[in-house]
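My structure is below; once you've seen it, I'll send some questions.
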């Protein structure tokens, strides 16, 4: 029961981060939001008894993917213009 | 504005369709009703392959050919990044950034870099016993190299050595498959004894292939990061 | 009451202390005024909290103790380095201190260094 | 059930970003969110109530483990996802170098 409530809170946080990372104008903040979504998804994988995938998602989705995005933003521009 | 509202309505319909189709047809957490291929993997996996981690058994042994294809896709993607960013790099030997990292970060990176490499190696060597494996260990190794890049502005990987490592490791994977073809008649067939499940030296060819995959994934992800970092602004 | 039970109670106490410090760190991130103070709360308190929780779990399951000690040492080494790098990067980026801050030792040093490099 | 909702939400918001955003890096972010959603969907399809992780050590019985096949497929997908993201972003860097903009509407010369 406690686990279900914790998972519900995590999923709510994940939705907020996803909406924020799509809607914000600052791309660096958007990338950090994506990283947060990835980390929460990795926790959900662990709760769903998939430790292999949780490790892969935490190391690749939240680590290397974020680094790749940040490098690309550094080489281009940071703010989204309309 | 009209475009946006139409898109929002379409997306809401999509969300409802996905969610209710799933909730009706495939109830969450239902007990296994289909006697599909998963049952064979679950009930015979340990006896067939000797690996107690069933995900490893599927990735490397049952579906080893898929994994060979996947490593090829990764290689093609790394090559593609290098090809797209070709002649945008800066000459070697120069600093990448103006400000250098501080003494604490440089000293810490010198201490922590071997530890991170060791942790990555631990993950992929124990891939058939504990959670983890070649892909995760390779990602950890790439993170270690990223840390080195961030902390030391003059650090460059030696491209020749990296390419050589990658080629040797990829050839190891293919050679193990061809040896299986020669000895037993099937590509990537397990020709080594299974041993007793739960020990480090067990599970036949799985540790060899997973070490190869780990080093290859680490080298390729490092190559991608290197190619993207060397581009001038 | 044998030895392992005592170890388990000590472990529970350590986990409780760790959770308390983690909570205080989270509270500090909400309550403190600027980046540098928040980093202080988010690193010092969190390092001690994670340390307590991990060692406590290692004491509750004695067969995991070596791994727990390794993880704790790793956290003890990485966490201060990352917080130092964050603080330095945000200072060089030009993020202001809180207007009621008392002392700023890094600013004069940085300006002196820039002048020296500019002369050269 | 709540996992299905999370997965469907991530897929929907990824498609939203792909459809409506003009910034190319935002599109890749949407693609990455969709990737996470599909992975979560596949993993939650393989879950059974009260199951344990598919590692048959320490007396875990084969009857009580969760389905390992989606986990193996998702493990593949995670690694492929990051390499596809890196490839897309390097193409974007190249396009930015040429056109000095990230807005996909302004990249007009991209035809035969």
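The chains carry the letters A, B, C and D, assigned in the order they are written, with residues numbered from 1 in each.
We adopt the following convention: contacts are C-beta pairs under 8 Å (C-beta built on N, C-alpha and C of every residue); 3 or more make two chains touch, one makes a residue touch a chain.
From a predicted model like this one, the values you see are computed outputs, not experimental measurements.
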{"item": "Chain pair with more C-beta contacts, A-D versus B-C", "value": "A-D"}
{"item": "Intercentroid distance (Cα basis), subunit C paired with subunit B, Å", "value": "31"}
{"item": "Distance from the mean Cα position of subunit C to that of subunit A, given in whole angstrom", "value": "23"}
{"item": "Centroid spacing, where centroids are CA-atom means, of subunit A and subunit D in whole angstrom", "value": "11"}
{"item": "Touching two or more other chains - residues of subunit C", "value": "none"}
{"item": "Residue numbers of subunit A (touch at least two other chains)", "value": "51-52, 56, 60, 64, 68, 71-72, 75"}
{"item": "Multi-chain contact sites of subunit D, meaning residues that touch two or more partners", "value": "3, 5, 9, 13, 16, 44, 47, 53-55, 65, 71, 75, 78-79, 82, 86, 89-90, 93"}
{"item": "Which chain pairs touch, all of them", "value": "A-B, A-D, B-C, B-D"}
{"item": "Of subunit B, residues touching subunit D in the complex", "value": "3-4, 7-8, 11-12, 14-15, 18-19, 22-23, 26, 28-32, 37-38, 41-43, 45-46, 52-55, 57-59, 63, 66-67, 70, 73-74, 77-78, 80-81, 84-85, 88, 129-131, 133, 135, 139, 197-198, 217, 220-221, 224, 227-228, 231"}
{"item": "Residues of subunit B defined as touching subunit A within the complex", "value": "53, 55-56, 123, 131-133, 135-136, 139-140, 142-143, 146, 221, 224-225, 228-229, 231, 233"}
{"item": "Touch list for subunit D against partner subunit A, complex", "value": "2-3, 5-6, 9-10, 13, 16-17, 21-23, 25-26, 28-30, 32-33, 36, 39-40, 43-44, 46-47, 51-55, 65-66, 71, 74-75, 78-79, 81-82, 85-86, 89-90, 92-93, 96, 102-103"}
{"item": "List of subunit B residues in touch with subunit C within their complex", "value": "99, 101-102, 104-105, 108, 111-112, 115"}
{"item": "Subunit B-touching residues of subunit D, taken from the complex the two chains share", "value": "1, 3-5, 7-9, 11-13, 15-16, 19-20, 41, 44-45, 47-49, 53-57, 62, 65, 67-69, 71-72, 75-76, 78-80, 82-84, 86-87, 89-91, 93-94, 97"}
